[in-house]
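In the two assemblies presented below, subunit A is common to both, partnered first by subunit B and then by subunit C.
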Partner chain A sequence: MAPPALLLAVFFVLPMLIMASFSFRLGTFAPERYVFTTEHYWDFISRTSFHRLLLRSIGVAFITAGASIVLAYPLAHFLVFRAGRMQLTLLSLLIIPAWTSYLLRILAWKVILGSNGLLNSFLLQAGLIQEGSARLLYSPSAVVVTLVYVWIPFVALPIFAALQRIDGSVLEAAADLGCPAWQTFLRVIFPLSLPGVAAGFLFVFIPTLGEWVTPALVGGARGVMYGNLIQDQFVRALNWPMGSVMSLVMLALMLVQLALFSRVVRLSDLAAV
Partner chain B sequence: MEFAAELRAVCKVYASGRQPQGAVTAVTDLDLSIRQGEFFTLLGPSGCGKTTTLRMIAGFESPSSGELLIQGQSMNAVPPNKRPVNTVFQNYALFPHLTVMQNVAFGLEVARVPRAERDRRAAEALELVRLPDLGDRKPAQLSGGQQQRVALARALVNRPALLLLDEPLGALDLKLRKEMQVELKSLQRRVGITFVYVTHDQEEALTMSDRIAVMNHGRLLQMGDPVSIYEQPATCFVADFIGETNFLQAVVLAADGTQVRLRAAGCELLVPQSGQQLSGGQAVTVALRPEKLALQSSPGTKGGGLTGFVQELVFIGTDTRYVVRLETGEMVTVRVQNAGQGSSNSWRSGDPVQVHWEQQCARILTA
Partner chain C sequence: MINATSKLLRLRFAAQTAARLLAAAIVLGGCAAPAAAPGEAVAMQPAAAATGPLLMLEWSGYELPEFWQPFADQHPNQNVDFSFFAEDAEAFAKLQTGFKADLVHPCSSWWQLYVDAGLVQPIDTARLSNFSGMRPEMSAMGVFGGKQYFIPWEWGYESILVRTDKVKNPPKSWADLWNPEYAGHLALWDSGESNHAMTALALGFKPEQTTAAQDELIKQKLLELKPSVVTYWVDFTEVPQLISSGDAWVVANVWQDAYATLVGDGVAVDYITPSEGRLGWLCGYGISSQSANVNLAYDYINAAIAPKSMAKMIDTYSYGAANNSALALADPKFIKLLQLDEPDILQRTVFFNSITPDRRKRFTNLWDEVKAAP
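On to the complex of A and B.
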């Protein structure tokens, strides 16, 4: 077997198989470990609280991905078409923060959103809120805001690459055929950047759906996500089979989403950006 | 007479870098008048300013100085999307996300032409370029030649005052290029739109154009119809760039109103005047087209002519090229048509020969 295939088999396929096999066991430890059952699947189907949390996590992932694109697109557009010789400098400024610790960037938002934090103090000083009335931290919104901040560079990059790949003469052709700048954007630039947008969307949506660190740090009780539930099953409840079932359900959802995306954009296009 | 486009003393300077001496002059003092309905070609080697000139007419570049008019209207301050011109780009620049039909209808859609008319005109345009059945394909599914036709249909469908073509045949193979040359020319006759065509291929320019403007180093060297450009080149550059030419260094001995007597390659020659002011002792160049020269065995019956030896000969089917080394060491190429059967009047390498021509075929050049 070729080395890359071996790598894939050992580090991706094998763990998946182990997890899949765990989903059919009765318990985490012997002797239940050696009893095979589909009980946990039936259990999952009956647990409506799980479903609600899964749906909410999908919602959070959608909003996060959507908001990241809305904010990152103008950035990427500016870098490609307006930045000129500042392009490299500005691109670096966009990327460098992403090299600092992920945890650090999340904790920074705790400082900003906390009840005695930057934003509350500012609003209080400006007289826009009464003492303690704005609860920004420990909510689903705090999770979305933090994740959007974390993801923006990762969304901006594929959009940047897609915009960069557009042949300049095609834009001249649009102008030549009568398009003012905004029509050139709507008719040519935006449609041609869609593979980058789709890639950016997936880059955010998939990890956000499984996210558990950010909700644990800034989400509070109201901001719990499906990923936290999976973590609980493995770490607290020590119910590995149930955790495996929940992980597989999420994996299946992601595959369905990839399949839907592949009907709109070719996956090889995503790989190219 | 109203011109389709006029350039008056147009210059284009690119500021490159921060130093003023880094500026690059692409076009200098260019005056062009493009007539209504003609096939006008900008011809020159790469970097001569022909594409910059075309891009200024299209509006992608703005002149550094001078004035540009299209149908009598000043265009200096008009953006490309508001100019009554359309461009066929060198790499076609088709919209990859749209079908062929959508590509062709693009300009009409932007101009809010009603749907029924838009569809009809786009279909007509595709028929005009002989691609009526490919409307549903994407550009990537077409061959280079087909993409070229789509680009042409996409521009023509808008009925522009001028159609600008930037080396549109450059990417096609030789055979297809020859076919498209003929087709483009007949298409231009049928639609009656003024074509401004940019090329570095002199043969292409001669084949298709009503008039040619030869450019080099950002300047216009000569403008005229193909025959006058070929037969009466104004400078050595034009004579050399268009077709093949032998140049002989010469010194004027005497000049009257119609003829010039000069000394070249050790012989005295009589050459017709071509408009220049010449005086005795002046150094000039005599240009001789290889196909206008004839060979004769030396010593021959006719006197005069240049004498030398056949240095090299190349058989190229329709004719044979003889390279004759003159007594002064200068080389002259002679093309002899293979009119007769066999090789009745052929010479071998090393044979002594005389080179003759009809007097009016030689041309004096001073620049």
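On to the complex of A and C.
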């Protein structure tokens, strides 16, 4: 086998198979480990609250990915077409924050959104609220805001790469034919950058659906996500079979999503980004 | 049961746990029988030949040398290695999947599980010269089938912490947490077992003996509380932050070290004694049945339960000591404030006892239903 295939087999396919085998075991440790059953699948089917939460988490991932693209696209566009000699410097500035700890960047939002944080203090001073509230932080929207902030560089990069690949002569042709700037963007640039947009979407959507650290830190009681429950099953309940079932259901949904996606965008185009 | 030195550290442990679980899954899923991992063959030497480091499976924060100084004095050339865990479940999973620790430090609600799984060996208390000062009712909790398997080390409370400058009428009981006055300012611990116990007390049930019907009532009661809850805290270092920033005014199931920290910082807080009683936890040392360093393990436990070592623990974390002789050597301020020296304090505290894997699963599922609710 070629080295990349071997790497995928050992670090991706094998763990998946182990997880799949665990989903059919009765318990985590011997002797229950060596008893095979479909019990946990039936249990999962009966847990309507889990299904609801999974749907809600898909919604959160969708909004997060969409918002990241809306915010990252102008950035990438500016870098490619307007930044000129500053391009490399600005690109570095965009990426450098991603080098700091992920947790630090999440915690920074506590300083902004907390009950005596920047936003509450401002609203208080402006007389818009009577007392600082912790509800700005500790909410599903705080999870989305934090994640969008964290993901923007990861979305901007593939879009940047896609925009940069656009052949300048195409744009010249559009101009020669009298196409106004906004039409050039809508009919030439944007369609050509779609593979980058699609890549950015998947970069955000997939990890966000399984996210558990951010909801645990800033999500509060209402921002819990499906990933938090998977973690509970593995770490707290030591119920690895149930955790595996829940993970596999999520994986299956992700594959369905990817299949739908591939009807719109050719996945091989993403590889070129 | 301890606050980590910093939140980031603890979360790094959590991430490492995930990685370790994955690694364990690879090793164990690939084997037909629970054999040792290939890299661990070195430890399979006869006991007498063991000269390797003493390996501790320990809560982070308990590795401080002053907690086991007599051992270092007795064995100056002996290495002691620490492997940390942040949750009891993590330590249990680690030993179950073949980790070769010599000593492990779980809390009482897990002890029976260790004994049943054959992970720990009986301890001859006659070999521990410092055992004589131990509180007998605590040592008794470490006895299973007539044999001593765990030597208690530290104990503490779970109770309600309140910002007295923000809250007009502080809660007097666990049931008072449902008072609408605290809505939007209440934080609960993200722990199924503790929330089950706390709510059982609020409803007048015995936490250890709840029936399935009572558990359903407990779930409904927790769902009723959910709209009032601003957040579930995960890590103990979050509590002082939550309280001092004003993000939460009433925080449930807090250990006393958070209280001591906030009092030290001059924050106006009170640590409630609910009318149903504070919850209590107890943790201690067990010797792994796989240990090749049994003699050293005995010496370590004896050093850890020495009055001086335990007094250091009281001064550092304000927890109670399982050795009564430690009280006289520790700073009296928090001993008085937390009633650590009152003879009947244990009777007035509702201690967590061993629970079965089935009940643990039930509590986690119950709590997950509450968390998953909109």
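Observations on the structure shown:
Definition applied: the second predicted complex is superposed on the first by the 269 of 273 C-alpha atoms of A that agree within 3 Å, B and C clash if a C-alpha of one lies under 4 Å from a C-alpha of the other, contacts with A are read in each partner's own complex, and residues count from 1 in each chain.
The definition used in the following text is that a contact is a pair of C-beta atoms (placed from the backbone, for glycine too) under 8 Å apart; a residue touches a chain by one contact, two chains touch by 3 or more.
Here the structure is a predicted model, which means the values were calculated and not measured.
On the superposed subunit A, the two partners subunit B and subunit C both fit, without a clash. Counting the residues of subunit A that each partner touches, subunit B and subunit C differ, and the larger count belongs to C. Within the superposed three-chain model, A:Val188 lies in touch with subunit B and out of touch with subunit C [touch as defined at top]. Once the two complexes are laid over each other on the shared chain, residue contacts for A:Tyr138 go to subunit C alone; subunit B is not touched.
By the touch criterion stated above, A:Ser101 is placed in contact with subunit C alone, subunit B being left untouched. Looking at the shared chain after the overlay, A:Asp232 reaches subunit C, while subunit B stays out of its contact range.
Within the superposed three-chain model, A:Leu177 lies in touch with subunit B and out of touch with subunit C [touch as defined at top].
In the overlay built on the shared chain, the residue A:Ala198 is in contact with neither subunit B nor subunit C. Within the superposed three-chain model, A:Ala61 lies out of touch with both subunit B and subunit C [touch as defined at top]. After superposing the two complexes on chain A, the angle subtended at the C-alpha centre of subunit A by the centres of subunit B and subunit C comes to 150 degrees, rounded to the nearest 10. Contact with subunit C, but none with subunit B, is seen for A:Ile18 once the two complexes are overlaid on the shared chain. Subunit B and subunit C never share a C-alpha pair closer than 44 Å once the two structures are laid over each other.
Residues of subunit C that touch subunit A in their complex: 7-8, 11, 14, 17-18, 21-22, 25-26, 28-30, 34, 87, 89-90, 92-93, 96-97, 117, 184-185, 188, 190-192, 226, 229-232, 234, 245-248, 357, 360-361, 364-365, 367-369, 371-374. Against subunit A, in their complex, subunit B makes its touches with residues 58-60, 79-82, 85-87, 89-91, 93-97, 106-107, 110-111, 154-155, 158.
Per the touch definition, subunit A reaches subunit B in the complex via residues 167, 169-170, 172-180, 183, 187-188, 191-192.
On subunit A, the positions that touch subunit C within their shared complex are 14-15, 18-19, 21-22, 28-30, 33, 47, 49-50, 52-53, 56, 101, 103-104, 114-116, 132-135, 137-138, 213, 216-217, 219-222, 224, 228-229, 232-240.
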